[in-house]
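One chain, chain A, appears in both complexes that follow, with chain B as partner in the first and chain C in the second.
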Partner chain A sequence: MTEKSPSTLINFFIFNTTLGQEEGTEHEKILFYYPDADNIDKQSRSVGLSEAIVHFCGTFAPDRPCEVVQTLKSRQVFYQPEENFWMIMALTNKDGNNIVYHQDEVQDQALQSILMLSYKIFRLFNGPFSMTFNESVDSCRELLKHFFTRFIKSIKLAQQDLQDVLQGIRFLPLGKQQFLKVQQFINLIEANFSNITYAQLLFDDQLIWSSLDLDHTQILYGYLTTNLLPNHQEAEVASSLDPNMNRYCLFEPLCTVTNYLFITGPTELGHAASIGKIPRIFINKNGKWEIFAVIVYKVLVDVYIDYYYYNLTSTIDFFRKLDKFIGPQIKQLTFDIAEQNIINRRLSLTEMQYRFIYFNHMNCAFKSSIYPKINQPAIIGPDLMRLFCDIHAEFDKSKSNEEFLAKTATDCWVVGKIADQRELFVAQNLKNGSLLDINDEMKKLVGSLFGNIFYFNS
Partner chain B sequence: MYWCFASKETILCFFTLILIDVSHPDWSKINKHIFILSEAGKPIYSRYGNEEKLVTIMGVMQALVSFVQDSDDTLQSLVAGNRKYVFLVKGPLILVAVSSLEDSVPQLQLQLTYVYHQILSVLTGAQLEKIFEQLRNYDLRKLLGGTEKFLHNLLDMMDRDPSFFLESVQCLPIPVHYRDSIASSLQHAKTKSLVFAILITENQLITLVRPKKYNLHPADLHLIINLVNASTSFQSCESWLPICLPKFNDSGYLHAHISYLSEECPACLVLLSTDKDAFYELAESREKIIKRLTVKSNCIPVISEAITTNKYGLDYIIGSEIWHFLYKSKTYGQFVSPKCRPPYNTVEEQTRLQELYKYLHHRMHASAKPLKLVYRLRSQEALLGWISETFELYAVFNPLVSKTVAIGNVKRLMAIIKQEEDKLFIVNARTF
Partner chain C sequence: MASHYLYLSSNPIRFTPVNQHTNVFFDEANGEVFTLDRKGGEEDDSALVVVKSLHGKNEVQFRLEHGSQIKSIKFSPNRNILSVLRSSKMVTFINCRNFNFEDIEYRQTCKSQRAEITSFHWTSNTEVVFITNQSVEYYQVNPDRNVVKLLKLYSINVNWAIFQPRFSTLVVSSSASSTLLQPYMFQNGQVNKLPKFEVAKSLTSEVLQERDVVVTVIYGQLYILVLRSVPRSQNVTLSAPSLGSVAGDIVMYALYKDSPARVAAILSVNIPGSFATHIVDNLILVHHLNAKVSLLFDIFHSINDPEQIPTIFPILAPLPIETTRITFLDAPSWVTFQPNIVIDAKLGCIWQMYVKLNVLETMITDKNQLLDILLLRKKGKEPIIDLCKQALTPGEQNTLQQNPLRGIFDKSSQRRVKIDQSELYSKVLTSFLDNKKANRKFLISVLIDYIRSLNFCRLSVQYCICELLINLIVENKSFYQLHQLLQYRILTDSKPLACLVLSLEKAYPPAFQLAMDMLKRIPSCNEDVVETLLSKKHILAALQYTESIGRGDSVSARKYLELAQNSGDKKLLFTG
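Showing the complex of A and B:
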């Protein structure tokens, strides 16, 4: 048998159809192209073919743009994030010495989710494509190059799965009492600091509260939990290993004394100069894109994070006031939440018996025993995961309440259920089990884990 | 003015067939387009619309295919929403399917292969290659003129008959001793040049006799069935025509003697010979067969009855719980399926039923992750797919039926099929 190599990226490009309309100027359409080692001719050909395909599909169904192109050697995914803008990514893999694309290597939806996510993250930090494009095409090219060159390096093709497709949020369930306390705390902050517009509260990688709308919450949550916070943690671990590093030595007294700090914002409240660069994000507020700054405030006791958005100008006085205000209140709150988290962990032991993914479309709530932590690879085999993705794609298409049970060639059962916009996927090994056995098993699972969700009990 | 007798729908269909082009408002509503063009981009066939008017769009198709070829690659498919665009380059031809039905990409590729084979059955592969070698820009319609109806019929059949995606044939249920004596009658008519003797009715096989050394591939048999189905002229007289069976031999013709058993019996006898001058020889064989069927075994009324009443079929199993099924025996390479009853009693619902089967078939056979069993409960019906070493079963249930009841029904069904196996399938392969 020949060795199958994993999928690799051939190219990734973004173009605008309104540019380079005249013959011979087609290359002007290109806003971003990876790899830049491809010469202009090759780049223009790729863009030209993509545009021709888009046009061709348009003659049959103008409202359904092309999504996937399959050739013998490659698979291309298309995404149109905004009018006239197209993002395209092509993959290939080798089978021994023959280049033949394995159709089932990575699921289409998972591939498209890479494009969609990259666009949304770009938009979060830079606003929509058209915004910079309309100002200046050249600066738009610069901006795209700056962002996507880095993004492409972070793509992990082999790991793309249902988690990436769903872009779910892990919530931390709280008791009524604690929840009211959290709400009061947030309300107090928003009332006392008029320039704080939105607030989000996280415990570890679990979301407790967000005053942003779902779409923005989802994308910002994804960015924080998979990018900013893990990076920060890594830096922190590195610093504790290397005490000679000056910058982190400055940190030390602050950490030990107060136990909380700003992740974005001043590293030292005594020094106005230490505010540093605060990330800016774009939020669509009532149909208009507005710029906000993100301040992330972290309590060290239990990796407890808390951040705020406010309108731009920030002085060290503001941070001092904020720190003084939050500091005393947050201690008790942290304690309460940590306690609740311990109870939740005990509960999740029952969950660990089963291998499942739960997702609620209404609030993007995501729960799973398959991923040990967010952003980590699943503990079930890639074949089962692909089947999960396929079932999800089918549910997506039919948009009604459904149930799907299947037995794989290796005698593993895979079950998918969708009811009232809630999806549940389960993988279960049942040696010699029949359809009725797995049905009973599912009833048990739903009873013990989702007993409160009426729709699953049918 | 035949139109006076045609229903409004047929007339509408007829006009759509002729008048539609890319700018027509109904263009995007058509659920399956099929196009054939030459490598040079010359239109050869379009399922809907006049191919003359589709020169531009076919030009685009040719450009896309050759553009990808230039970089030493092959364009296979595009997906846009629920619409699939499948490309198949075969010899000097480019075949394209654009479908918004459930057909999967591999299923559409298979259908395009059938379309290609249909063309070969008229021209042979060797002739097709030669024509385009001599003149790259040749207008193939000159040679295919008059055979469009076979393409149309084939395409319609593929949308409503599961034989194609199951890659097998359905047999007319008939008691085994009758089938045996029919086969013996066919065997007795052996002549020097006779290769295959086939008795079919509509889309069901009654019996088949073949040489020891050769098999008749289901794909070739489907072409023969399509040939018989698409034309009414065989009913009136004995016909003689050349046909190329691409799986058997794509470079030469066989010669088919086609006739119906009698005016009352809608069973069609196809005798295939290697000799183009063997008409009288085979006509004589036919006489012998009919004589033996009437005098010796009195089989003709049995065949007629089986066709009209479906007395030996499985229709009685269909009820309020199990609505429809397909059972394919891997051992015999044949399948059985009951007639459609409510809720599948309208053309729309029957098409939808085929869509369900196509979906289920694809779901179970998807190459990287084949499944042994699938149960899918939807609002309109419950679907079951089950594949073992010896059979494939696809069944549709009332969605309100519990899994326990559904499984009970399946067990009953399997027991009945086992019991009636020799009636439902051709269990003894006959050779000359």
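Showing the complex of A and C:
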């Protein structure tokens, strides 16, 4: 399959079923509608049709709401994030101006994950729909419009791949002792600064520790690694004369390192005015949504510590104190971690022999040799990636331990395996290889990479 | 607030006080006191000898002729040979088996002509060294044949000599000012003559006195301590510069077998007037005779860098010794001996000096310093457990940095106190579980820090500690944090731990995976993996696993088929 112009978005809307119950007031259901060029009649019709489908499906499978509606020309994806709220996205299957329809170009799963992700990001920064909805329907509409108009622009339908679907977390492999030192450090911060409630430590875009729960960790990790930090890095590269200099420091003894700084928070500790805008997020703490501020503190090029803390009106004194506390301690810690990381990189050469993606549903751990870095495109072809995605979608439906073996036209074997909530996808070139050969190769790979975990061997 | 940190043993060993008929000798090396009673009048010079031991050995009584001439008397370390110095020329030996003295005495005169024996010391059960004013003579005693054989003779001008029994080391002062010291080490008939060296002069007098020198072992290292006091009167010109402080110091020389002695540290005493020292549990006590106070020094954490000579200050403010009836150092007849002995010959009492560890807690506010000190003490365990308890008690001003549990194992290499994990668990940690006031997050942090220090010393974490941590985390509902801890394998794998994790599955579904991972890592738990899978009705997976570990042949087909049939899944039954 060759690259073609991607499917295009027909519409994207959010509605609430409790509104507009009376005949003639159906348009009131709509909380957000894209494109707003569609007239109100068209909007109402789309919403009405979707709601009808939802109701229709509900009678057959009350436990599993409607997910996708596929027609010859279009596809519609459904997502119910909260009770009475529905998010719907529709796409055309049409390939440009040709009258050829590609029904399988973008997986349903990938589309659903876009909806889900958009909702989670919204919730992170604004709280759940119902929260603002219950306050005022109008301000809810405002908020949704503000958020989703921008979000829709950022949707890249063509680039969806397994990485985006899985939304995994890359964990930094770390020795026990270093990990415990990190623990000690984080615990000290949390104990010394009573208004810091949660902390996360990232190294080289990889997570070391998070004191949030998995849901929040996953979404925040995604936000930091794909949004906040790359943006910051771009800005830094643009402003600094020699960005490679900084990166080099990481591997040198840390005697010269002084470049700690707050990414959110004050740019200069001397100036109270430089605190700037600090992102606020909503975290569900014991069933209640609470607002926290996110402070990101950067130690070297690749080490970030994030703190989520209560006090929203923070003073420059707080930042100074925090800087003074962290600065000296993080130095040695960073050095220890960096040292181990170099060893890890050497070790990961074995991983590089294979082209694989590993994902564990239980902790969202993601490991792969086919993405040079986070946010970068995979080094395998789109057809292989599509195969991965298809197998993953299949796993998602069946929910049992399974294994898929496929051979592509280019003599490449693709293996997908799910066991005990862990998925593994491998692509391997094995000229004239038989099923037995690839099975042996898989055993070798599982043995060398996942020997420590329980993984159904077969 | 306690006002003493030193005390004397409450039950002193009593002996007949010194009088015109009674002489008393104390053998520092064996810790034995000899009282010689001559009540026989002019004609009968025999004496009744009573030997009492500080180390709990039996009391011995016997009669000895020529009691009035005895200048020194001591047993060999195993008490098989009694040795007596009656004249300055010879030492008499009497064999003694099960406290029955043989009739035969055998003697050894000193080899150097015109020399006079000043003292003698047993370096082993059969080896003895004589110190004369002109020589050091090393002999082997053969009690079976009643023969004494010279092993080695060193001609040296001896001002005075001090013997240290633990390392069998003799330090001889030989120059005119006495500051040139020659150490010898005796071992298995061999003598190791260490390089001689000059020590610091006294601050006030030109001659170094024997009483100002102490040879002792601290933390396994041999030291010579030169006590340099300053008189109390104001206008004194010092004959040497004071190193530690203006008013008195102690210069410590470390002695080595194969390299020259060197100054290791200077203790700052800084109170005018003379003083004496004791070594108790590797702590240096300095008793000030006039001020009637004592100082406490610990050198352990100061002597790290051989390039530097640290000046060490007392741990605590000077305080008097706690005494029962008599004020220590008031009586002029009191004499101090190494390592911790005080004798009042007129009263007939021997005391031992001790340090009260349990009061240090109230005196030392820096808990880390306190822990450092307690960890090095023989009886430090109880105060440490108290300290840990106090540090976890809610309401106390406890900070994480100051928490003693953090560092217990960090300084482990030389620690003398060993607190077992289960002991810490039962004596300290469990008492806080029921206390609802105790901050869970704080307890978790402390525990993780404790695990870090265990891991630092390559000790595996015992199940009781893992269980406690997991219970706390579960109570705190921080499941994902538990997940991360298990993911990085902070807790030592064990079957009970895996079962505990498995039991959390209802509250936290990923626990199943974590438990299975752990079971798989434990070689002896293959059966448990299979059973767990079967209990979850993962029949195929159980079969696959059994096959993968090479036990496919031993499978009971009937069991699996029955299970498959009961599952009601026809497809599964036939696949199996």
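In this text, the second predicted complex is superposed on the first by the 411 of 458 C-alpha atoms of A that agree within 3 Å, B and C clash if a C-alpha of one lies under 4 Å from a C-alpha of the other, contacts with A are read in each partner's own complex, and residues count from 1 in each chain.
We adopt the following convention: contacts are C-beta pairs under 8 Å (C-beta built on N, C-alpha and C of every residue); 3 or more make two chains touch, one makes a residue touch a chain.
All values derive from a computational prediction rather than experimental measurement.
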Checklist entry - In the superposed arrangement, which partner chain does A:Asn401 touch: chain B (first), chain C (second), both, or neither? => result both
Checklist entry - Counting only touches as set out at the top, which of chain B and chain C does A:Val137 meet: first, second, both, neither? => result neither
Checklist entry - More residues of chain A are touched by which partner: chain B or chain C? => result B
Checklist entry - Counting only touches as set out at the top, which of chain B and chain C does A:Trp209 meet: first, second, both, neither? => result second
Checklist entry - Now for A:Ser74: first (chain B), second (chain C), both, or neither, which partner does it touch? => result first
Checklist entry - Is A:Cys57 touching the first partner chain B, the second partner chain C, both, or neither of them? => result first
Checklist entry - Do chain B and chain C land on any of the same chain A residues, and which? => result 401
Checklist entry - Can you name the residues of chain C that touch chain A in the complex? => result 399-401, 406, 441-442, 444-445, 448-449, 451-452, 455-456, 477-481, 483-484, 487-490, 509-510, 512-514, 516-517, 519-521, 529, 538, 540-541, 544-545, 548
Item to check | Of chain A, residues touching chain C in the complex | outcome: 171, 174, 176-177, 179-181, 183-184, 187-188, 190-192, 209-214, 217, 286, 360, 362-363, 365, 401, 419-422, 452-454, 456-458
Item to check | For the chain B and chain A complex, residues of the former touching the latter | outcome: 22, 27-28, 33, 57, 60-61, 63-64, 67-68, 71, 73-83, 85, 98, 100, 105, 363, 366-379, 403-404, 407
Checklist entry - What residues of chain A sit close enough to touch chain B in their complex? => result 45, 49, 52-53, 55-57, 59-74, 102-104, 108, 383, 386-387, 390, 397-398, 400-409, 411, 434-436, 439
